[in-house]
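The next part holds the structures, each set out as structure tokens.
Two complexes come next, and they have one chain in common, chain A, joined by chain B in the first and chain C in the second.
On to the complex of A and B.
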């Protein structure tokens, strides 16, 4: 039984690290965006203050039970993703569920939470929430296609659906997959723009338009749960990109450098782009990203 | 007496007795109905073993009935769903007109489906197939609405399928001199290439109609949505699987033996893929929940056909597993719509809103079924989706896998639309009187919904019979290297271990349920859905905040080009063309003797002119 407790402890530490790193990155992004817009901006630890404030608040009202389950569903997705994605390569302590699920499982567990959250948002009866959800689902259909194409290309080329195997292949070859499968990397990065929902793809939350969309009826502890779930989820996604295309990371410093480098892409792209309409966003993903996806598949089929 | 014949006698006798009992009032006919479904099903589960046969001679033909491992898998669907839907139907159809007619057709449908699965010869197969078509046709027109359009369309397509199948049977008899399915399979590799192409195509037209394969699917949306919902759950869940059953036999036992047969199967798989995409897109567009589910059924059957068409061990497993899962979750969903229609009087997603607090158990069943339909872990739908993707990637169908992925991602849209439209959103006073459906309707739904969860955690329960069925079809034993009780593997040995995943999910869920949800739920008080944050304004009671019209409009602006073509229009064009042709023929046969005399003269003149060419 000892090993089980070790595993659970490892999992809890992974989640806490993911939470801290994710919140820090969000704080940094606020700071960087502010500097780009020639503002001073909040300190990078502002998000921790916000989180603490939210966690200590109490709510007064609710619209039904489903609204309360929504954040719990969201948390399942975030924690499951961070457990399935290998955080540190070759580390027994944090292997978590790495060998129990593969890429396609990850793709599907990633939509579990947003759908659960969407149900919670639906019960509040706020039209803004429902509009945000329909936008989010539509956008997901958009970016999933190039993203899946990139993943299928990788899986076909290396004959494995396991993330751990893909890391090992990169270490054996000594070349990162972003260089040995460049088209898949490009398609995946373009899809990532939609996945992180920074501008121009911030159509779900849509500040000043939808009143933060699906989360608009959540406050206090629920908003805190959603916020921490988002930061854990962001960390999981970044780590996934690092594992797939940047050869994984063997220690925490390497991981932080690589994930932050990836994180800068959607963030910096967002600071200079105004928001798309939903159908524009979908059509964006079915343009060049789709083209690179096809190139990736072709590349994988030939080599 | 032989149990096999006993089952059919009870079915038939039960159907007639129930029909006659319709003249009596009261509970007698309900009891008779339940008994005549329940007893044969129990007999089937307890007394029928695989390989047991029953043969007799009639009219110079040998008939043989018996169950094979493959038909056992499908018989599980028919018996299980048939039983649950029967319990549901008793409550759902109470106080309707002509209930005994419904019962009669229902029993006949279940009987004919089991008959198809039992048939080892083509004659009884065809006879049961026709009984199935007839009884389902009578159910489609049961409510008497749109008989001209929906009923006739279903009947024409069924007739085309049946005639194609009959033609195939006649051809087979003339070639082999036997009506046995086994002898067809044995002698098929010796046929000439033309016959090897003709027979599967004719049979596939017959099976494709029932399994709603594009372009033979146009009858399905109308037929599924016009039958009573208690029947539609069997219609979509089990009856369409008869087409899949036939398709599996044709694909594996016949087409595989044609030289170059894998191209044939590739075409079928692609048709399945296109069916899946178009079914899904049209499902998103529907505002009527019945139509939505009908199109969604077409899409899901498309996945099954892809799996069966590709035919690698993993793909075939996924197809058969999804066939079982689809029966469970789509059966549940049609029942949910039936329950809502009974309680509110409409099944329109734009009218009904906010039922979650009024019908919580129905919502729970719908939630499970929708999660299974969307293919989200840990429910059973995920297992089949996962196996399908892995098999497609493993067999290098990299374009088809993208098509399937597109369709199943788009399926989230109608999943959410279904749940949101009925259960979530603004609670309107118009529906404040709605009560939960009777227990006899809710319990079957919940049983089916929970079984999707059980099969998600322990897929081996169903994969075991599927594995045996596949072994009789000529596949190798896959237990241990493609699946175990709760672990599934892909062809490269990557695994999904469901138990640790499910335990982790349950652990996380319980943690947040106790420390966040229940605590927060108790500490806060309920307010109506009018009491929401809307930029500082407080919405008045009469203000309409319901969001249900044009629900997925931005999405349709993006996919518009895909949906411009409708196969229905081509059929209408074809029908108009035929009508024009008949009109032209009518002009030749004017009914005027003078014109006919002129035809004779013209014919003789032509004969004289060209006599040298014709007679040499």
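On to the complex of A and C.
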């Protein structure tokens, strides 16, 4: 009975840690992008200043009920997904509120937030929002398929739908799943490129083209909510990748190193790529990522 | 505690500090001045290191940057954009045209003095002002924000009738919604 209180307290601390780490990673990505473009760039804590400023702005915008609820949907999704992902393995505090079958739960809950945001953006009546929403949902159709295939391959191969079981398997075998089921890893990483929405898959926000897409009518505190939910969600996704493919992390330093290494993949790919059009992005995901997803399924079925 | 003046002062200092270091600019490229914004933002002068960043929509922006002359037709749109922005908001008049008409001083269809229609916090002089001048203008705005003196928006609300009168004199077919703050 006592252990559940540890887990709940740990989960609350996890949300705060996720907020701080996610915002720092975003700030570091702005810095690294600037250095690649031969600029000095903002300080790495610039996003904290932005968040503080956005939180202190007024938000006198009213388009209807769903418009106020949309950012809350995103926040709920981020917090729920960070709660079920075990952050530190073998730790009393930070194994978090996971349960048998949490991988399937994650597959569903990760789609919930964008759908809620789509309803909220639809009610603002801004044409940019509507275009952004349609693009976002089409792109989601693209990258969800290889992502689901990778996860289903893992579930088939090891006959479990629990993240903790997968971590335990990796620790028993002494081999990361990244090496023991490589095709699933490749499919998942390629799907991640779309999930993080960096260039060339930034067709949803699309700066200078769509005027930030679904969030174009959200200012002030709404934008703060979206920004913090994005950072928490980024942390949740990165930790999930580390848990699934990189053998989890036993302490915070190891976690930070591994998550940042994963985070560098979409970011660095983004800094050297121009933006795709919508149909090109979907075609991309239904090409090689889907192929590797099929290979992963075959690999899982045969071995 | 909440209505305590000293605690409010501390909150103001923290908020003004964050506003000072995070300026999201809506560059309303009305005139030729818009050509000076890309070099200011990109590698050579890199305004992002000061926290100055482009904002996509008026809802997200802090600063309305009016680059160059304003025709009477554009003025209507600019007023709409300004009133969609969220408090605290600031206006930077960019180039000589916003100060006294500049080279369009005798034009029939541009406004001459921007301050009669929108509350300008900082003017950047020149035709065109170079990126150094633009950065100096942002520096001046940061200084004003930190001191709590960049209060153009409150001035606008207090003297709304005067501003509205001036605006309606220029725009004969006024079909915009009447806002009430």
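Just so we're on the same page, the second predicted complex is superposed on the first by the 293 of 303 C-alpha atoms of A that agree within 3 Å, B and C clash if a C-alpha of one lies under 4 Å from a C-alpha of the other, contacts with A are read in each partner's own complex, and residues count from 1 in each chain.
Note that contacts are C-beta pairs under 8 Å (C-beta built on N, C-alpha and C of every residue); 3 or more make two chains touch, one makes a residue touch a chain.
Just so it is clear, the model here is predicted, and its values are computed rather than measured.
**Student:** Overlaying on chain A: chain B and chain C, fit or clash?
**Tutor:** With chain A as the common anchor, chain B and chain C both fit in the superposed model.
**Student:** Going by the contact rule set out at the top, does A:149 touch chain B (first), chain C (second), both, or neither?
**Tutor:** So A:149 only meets chain B here.
**Student:** In the overlay, answer first, second, both or neither for which of chain B and chain C A:217 touches.
**Tutor:** Both partners, chain B and chain C.
**Student:** Contacts for A:117 in the overlay, against chain B (first) and chain C (second): which applies, first, second, both or neither?
**Tutor:** A:117 contacts neither chain B nor chain C.
**Student:** Which partner, once the models are overlaid, touches more of chain A's residues, chain C or chain B?
**Tutor:** B
**Student:** Check whether A:61 is in contact with chain B, with chain C, with both or with neither, and answer first, second, both or neither.
**Tutor:** A:61: touches chain B and chain C.
**Student:** May I ask you to decide whether A:125 touches chain B, chain C, both, or neither, giving the answer as first, second, both or neither?
**Tutor:** first
**Student:** How wide is the angle at chain A between chain B and chain C, using CA centres, rounded to the nearest 10°?
**Tutor:** 110
**Student:** Look at A:159 in the shared chain and tell me whether it touches chain B only, chain C only, both, or neither; answer first, second, both or neither.
**Tutor:** first
**Student:** Mind working out whether A:28 is in touch with chain B, chain C, both or neither, as first, second, both or neither?
**Tutor:** A:28: touches no partner chain.
**Student:** Looking at the overlay, what does A:102 touch: chain B (first), chain C (second), both, or neither?
**Tutor:** Only chain B is touched by A:102; chain C is not.
**Student:** Check whether A:240 is in contact with chain B, with chain C, with both or with neither, and answer first, second, both or neither.
**Tutor:** In the superposed model, A:240 contacts neither chain B nor chain C.
**Student:** Look at the superposition and give the distance in whole angstrom between the closest pair of CA atoms, one from chain B and one from chain C.
**Tutor:** Superposition on chain A places chain B and chain C at a least C-alpha distance of 5 Å.
**Student:** Kindly list the residues of chain A that each of chain B and chain C touches, one partner per complex.
**Tutor:** Correct list for chain A: 58-61, 128, 211, 216-217.
**Student:** Quick one: which bits of chain A touch chain B in the complex? Just the residue numbers, please.
**Tutor:** Touch residues, chain A against chain B: 58-66, 68-69, 71-73, 75-76, 79-80, 83, 97, 99-102, 104-105, 108-109, 111-112, 115, 118-119, 122-128, 130-131, 133-135, 137-138, 140-142, 144-145, 148-149, 152-153, 155-156, 159-162, 165, 211, 216-217, 221-222, 225, 277-279, 282-283, 286, 293, 297, 300-301.
**Student:** If you look only at chain C, which of its residues touch chain A in the complex?
**Tutor:** Against chain A, chain C makes touches at 14-15, 18-19, 21-22, 42-43, 46, 48-49, 51, 54, 56-57, 59-62, 85-88.
**Student:** In the complex formed with chain C, which residues of chain A make contact?
**Tutor:** 30, 34, 37-43, 46, 49-50, 52-53, 56-61, 128, 207-208, 211-212, 215-220, 223
**Student:** Taking the complex as given, what residues does chain B use to touch chain A?
**Tutor:** Spelled out, the residues of chain B in touch with chain A are 354, 356-357, 367, 371, 374-377, 382, 385-386, 389-390, 393, 396, 398-399, 401-402, 405-406, 409-410, 412-413, 415-416, 419-420, 423-427, 490, 492, 494-497, 500-501, 504-505, 508-509, 512-513, 516-518, 520-521, 523-535, 545-547, 551-552, 554-555, 557-559.
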